[in-house]
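Please find the structures below.
The same chain A turns up in both complexes below, where it pairs with chain B and then with chain C.
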Partner chain A sequence: MVAAKTTSVPRSAKFKKYLPLYLMMLPGVIYLIINNYIPMAGLIIAFKDLNFRKGILGSDWIGFANFRYLFATSDALLITRNTVLYNVVFIALNNFLGVTVAILLNDMTALKAKKFYQSAVLLPYLISMVIISYLVFAFLSNDRGFLNRTVLPIFGQQGPSWYTNASLWPPILIFVNAWKNVGYLCVLYLSSILGINKEFYEAASLEGASKWQQIKYITLPLIKPTIIMMVLIMIGKIFYADFGLFYHVPMDSGALYKTTNVIDTYVYRGLLKTGDVGMSSAAGLYQSVVGFILVLTSNLVVRKVSPENALF
Partner chain B sequence: MIQSNDNRIFQIVAHVVLALFSFLAIFPFILLIISSITEENTLAIYGYTIFPKQLSGEAYAYLFKEGNQIVHAYGVTIMITIIGTFAGLIIMSMLAYPLSRRDLPGRKGFTFFVFFTMLFNGGLVPTYLLYTNYLNIKNTYWALLIPILLVSAWYVLLMRTYFATNVPTPVIESAQIDGAGEFRIYWQIIIPMSRPIIATVALFVGIAYWNDWYNGMIFITKPQYYSIQNLLTRMMNDIQFLQNNSSLSAALAGTAAIPSISVRMAIAVTGVLPIMIIYPFVQNNFVKGIAVGAVKG
Partner chain C sequence: MKKGLALLLCLMMTLIGTGLTTVALADEEPVEIVMGFFSLNGVPSDLQMVLDAINEITIPEIGVKLVDPIIDNYGNYHEQLNLILSGNEQLDLFMCWGTYWLPFYTKGQIIELDDLLEEYGQGIIEAVGREWLDAGKAGGHQYGITTNRDLAVTRGFVLLKDICEKYDIDVASIQTLDDLGEVFQIIKDNEPGMIPVSGANGGDKLLDTICTYDSLGDTLGVLMNYGEEPVVVNYFDTDEYEQYVRYFHEWYQKGYVTEEVMTSSDNTNPQMTAGRLFANTSNIKPGFDTKQSLTVQRDVVSVPMVEVNTNSSVVQQIQWYIPVNCDHPDKAMQFLNMMYTDERIVNLLCWGIEGVHYAFTEDGHIDFPEGVTADTSGYNLNMGFAMGNQFLSHIWVGDELTMWDDLKEFNETAIFSCAFGFCWDPEPVKTEVAALNNVLNEYRCGLEWGVLDPDTALPEFREKLHAAGIDKVVEEKQRQLDEWLATKQG
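Right after this comes the complex of A and B.
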């Protein structure tokens, strides 16, 4: 009854009042429908034998056939393993380095040097993967690379053929990923450290606590929630790979697929290179669904650990 | 005294470690820049080095003189970055403002509608098929502008929160009493009062457009629509590309070849240069943006 009274304004008048606001939202809503919601519905093509003459809706349903083909190949296991394992290493290493650099930066007394170091480590974060692939090429090119022509000869070593040797690539990709992303994590953790009350440190040094003890007993415990949150967010995205890192940096070299093929590059190649849309769409749906479950799960855990940082 | 000693050791360790990290971060750029000004034959013989035997500006001279393709791609990148950033900011803020209004009927539903796009997505295959087979944007400039980049749910929600917490409701209400319409409130009150968040999002969206190669790689096959990033992608795979596409390729037969090795590096330099130039000026904004979560991790 109370509800009925408060909404005594006629519906039409209310709608008229808010019409400008709805109109304002219209372009964004239309965009999200086109760019996001229709493709979600389009995931059904994974269950179809796509025939462009019949169109997407007119193509024949084939149930799980695309998935049976996909999971019968060794590719499915390989791309899943590569995607997840690389991400596990990225999460551990990048967060470790990010926290370390942030702590070192925070307590640095030379302010100009501090500013310089921070600018330097953050710079790679703003660079596109295409440019990064050029930077890497300048080091690894077989006949002109800095490593093969300048560094390795100093040690009397013959340089390997980097772009055809798959076993060399896990460390390279891990290094490049850290090179690009540690600066971002460092800035993030630095802002978290700056939020710590300075009195804790003053009190601790009065008590004679060493630098290391202050880090161990004040800094680390107080930024732990931020670390946990970042790790959980990254775990939520563990089924998604950085396409540019795995495609451009190894220069799409076929000899390297064993260690460079991930779900995202597999889907791209299936769709645009080999024309195997069935497998590609099956792999895409697999990624979307598992990715969705992981995001929901990680958020559930975040909500348990620190509710204010949960996405929903 | 033990403490200051302890601190001194910390400072030394910090300097050593951070200097090493900074060197690792910057060195590749130095190698790239020096490679772009190394004489072509020196590159062929000694490879990419930091102390080349002979320097040369021939790569840049070539870019200025014959690089129609490059200048064009540069123009495409600039145009797409400016239009995309403006259009994206307007569309996103117009979606964010109503969502920031607690009195808007259906607010929760709309917010979820925006938010859900962050949790679940259709991925490349349906997106590609929709844009190419139904919306026909393949090989048009729209392909560089619209897919994926234009509106991001995360920025919309970031702006919504900012509007809701930084523009007091009484300000909006008194404007309404004075007879201002919603569009006027949005344009003359909300936007001017929210400059910091608009600037932050503009910076991130602008960099995303400048650096984008993904849309071009998927939707563009004709070189006349290449952005600078797409041109670089193409040249990495096909070192002859410039030669084949040069406006002078016929005239070039018999004359000196294009310094293709150093030119590649020179184009890469021109691709990063604008970022390097604006970096010192925007760095503080960028850092603040990361701190408020303007980057989708």
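Right after this comes the complex of A and C.
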């Protein structure tokens, strides 16, 4: 009895103490419930043969038939491979570049130049993919592109036909993606580097630590939690592909599908004409379930390796 | 001028007439109808003005008031339509393009119109004719009502006239692809910087200008030779397909076609305007040359490559539907009926208000009124093909005054597919169709413009089609077609 009393009193005191925080959380929670949780009821559409006259609940159950087209063909393996491999490269490369650029920017002393570079790396992040696709086209177009018309002739080379050659596209897509997204990650890491107490560096340089040693033993360990968090979030999206990048940038050229077709573009092309709600929900559900499992597993791994950095 | 006066008198008389009938219907609230259609020229700024003018006619006569129509650009419209229909918002009557209506049918979002058409749509039946309306049937019931317009099709090439004259090319003598190849060779040799032929990704490809199949909706299983016999064939496996694909690859190697066709999603007309392109591909109908010359802003001449023909897909391109969302289908059908019978309604929808948006010229054409241009006009929709009975609309300057008669003749002389009125329902094989659409997207554009090498790409394409289940789709299509033929005869 006594024990129960002692535990219950601090708990309510704790609640009172954190009440303002709970209140601050409330709008966000309500938003999440309305926007992210209530619509989950609609997931049943993925298992139904939707007919609007019968209504969502009245439509016939058809089990996993809506999922079949995602696995039924020889393309299924290809699109899964493309989606996952591209994302793995994106996660590794973008985070590496993001951290590097952030550290470089942080150590710049000329304030104006620092501001300029910071905006310059962020700018591509704000440009729409459709516009980027035309920037790329300006470089790669066969008979009018900058590369084939101006750059390669200088070296006496004849340019390839970019938009019919699938094997050229993995590096192009990886480059475009990094160019577009590194700026955002860089700003994120920069802010977490700025949060590091300056005294660490002062003490280190007094002890004679080189710049490299400072980065290796102070900066990197201290922004590790941010890096891990970003990577985990990105892993959750590993089954989603940036539709703009894979659809618009290759200009939807059929000859490039081997290296540019990903789950999202496959679903779009497959259902554009039939507009089947059930099948598109199936694709969405499949992507999020796999993403969810991957986040859980990678978090589990992180917890095993360094428990203090795990998300949950 | 006389015609204008007469029309004005008519209008005044009806206005007086309205005054009388309003009294009779005054205690009945008009039913509000929301219609939906896409626009190729944005949403007109004077839309409300035109709606008011229409309502002045429809409220007293059939008790219908048009409110807040759903109008969007072609690109967004069908997506929006999907949202409205799924969200059960008010929409009473809508038009849509091509095969977009099929999912609405399979998901039960549009209603059967058989009884409504008999009861309120006699004017439609009379104007269009039952034989054409058959194209809007699915599963034995009427779902779509086609507009009265060019209901047949021929396809071919559109050439720049001044260049043809420059090299003394006798366009009338161009009959075959070989003839055309010779012309393209002349362009290639003499006009550096000008591409002989090109087109937009998604538009008619080289092969589309010459093929004669009835696509039966989606080209996954077709009827050969204008739909001569009810035998469904996998076209991509035929010798004909291989022959054409090889032929066009030769054109590509000779430089008549460039890789640009793989990436261009834009209309190629501006390139012809700029003189960068000699020819593109298009559907052709009477009056096409004059109209296309206006669009391209240069004189063009068309070369049809196939016979005038028609099938369900051609007619289904523009149809009107009534969705389940509609609370007063009878009123929607009554209004639709007016779009096929009432000259005033048709012209208001097509051209706007006389004196404000258009005016009659002396020879009976219509044109912009003085001081108004295409850019300043508050109602420049120019969508006659979609607004019910196009044959009731006035004829714009530049078109022949006999245009509607020419079009009627064009329609009547068309070769009919034996599957006319059959509607393919892909629902039972939708898994295969989704996979096949990806395969088609991957290869068709490249092969049918001749860009991809048929030696490697064609076997790949065929193999992938089989792997994705085209045989199953063809089989199912044949089954549905046989069933339809049986009920038609029985």
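The rule is simple: the second predicted complex is superposed on the first by the 208 of 312 C-alpha atoms of A that agree within 3 Å, B and C clash if a C-alpha of one lies under 4 Å from a C-alpha of the other, contacts with A are read in each partner's own complex, and residues count from 1 in each chain.
Please note the rule applied: a residue touches a chain if its C-beta (ideal position, glycine included) is under 8 Å from a C-beta of that chain, and two chains touch if they have at least 3 such contacts.
Treat the numbers as computed from the prediction; the structure is a model and nothing was measured.
When the two complexes are overlaid on their common chain A, residue A:L126 makes contact with chain B while staying clear of chain C. Using the contact criterion defined above for the overlaid structures, shared-chain residue A:A255 touches chain C, although it does not reach chain B.
In the superposed model, A:S306 lies in contact with neither chain B nor chain C. Contact comparison for chain A: of chain B and chain C, B touches the greater number of residues.
By the touch criterion defined above, A:F137 reaches both chain B and chain C. In the superposition on chain A, A:L272 makes contact with both chain B and chain C.
Of the two partner chains, chain C is the only one touched by A:S161; chain B is not.
Of the two partner chains placed around the shared chain by superposition, chain B and chain C are both touched by A:F52. In the superposition on the C-alpha atoms of chain A, the part of chain A touched by chain B in one complex and by chain C in the other spans residues 52, 137, 141, 143, 251-252, 271-272, 277. Every residue of chain A that touches chain B in the complex is listed here, in rising order: 14-15, 18, 20-22, 24-25, 27-29, 31-32, 34-43, 45-46, 52, 56, 100-101, 104-105, 107-110, 113, 116-124, 126-131, 133-139, 141, 143-146, 148-150, 179, 182-184, 187-188, 191, 205, 208, 210-212, 230, 233-234, 237, 243-244, 248, 251-252, 264, 267-268, 271-272, 277, 280-281, 284-285, 287-288, 291-292, 295-296, 311-312. Across the interface of their complex, chain A is touched by residues 82, 85-86, 99-100, 102-103, 107-109, 201, 218, 258-260, 262-265, 324, 426, 430-435, 437-439, 441-446, 451-452, 464, 467-469 of chain C. Residue ranges of chain B in contact with chain A, taken from their complex: 2-3, 6-7, 9-11, 13-15, 17-19, 21-22, 24-26, 28-29, 31-32, 35, 43-44, 46-50, 91-92, 94-95, 97-99, 101, 104-105, 110, 113-115, 117-130, 133, 135, 146-148, 150-151, 153, 156, 181-183, 186, 207, 210-214, 218, 229, 232-233, 236-237, 261, 264-265, 268, 271-272, 275-276, 279-280, 283, 286-287, 290-291, 295, 297. By the touch criterion stated above, chain A contacts chain C in their complex at residues 50-54, 65, 68-69, 72-75, 137, 141-143, 161, 163-164, 251-255, 257, 261, 266, 269-277, 279.
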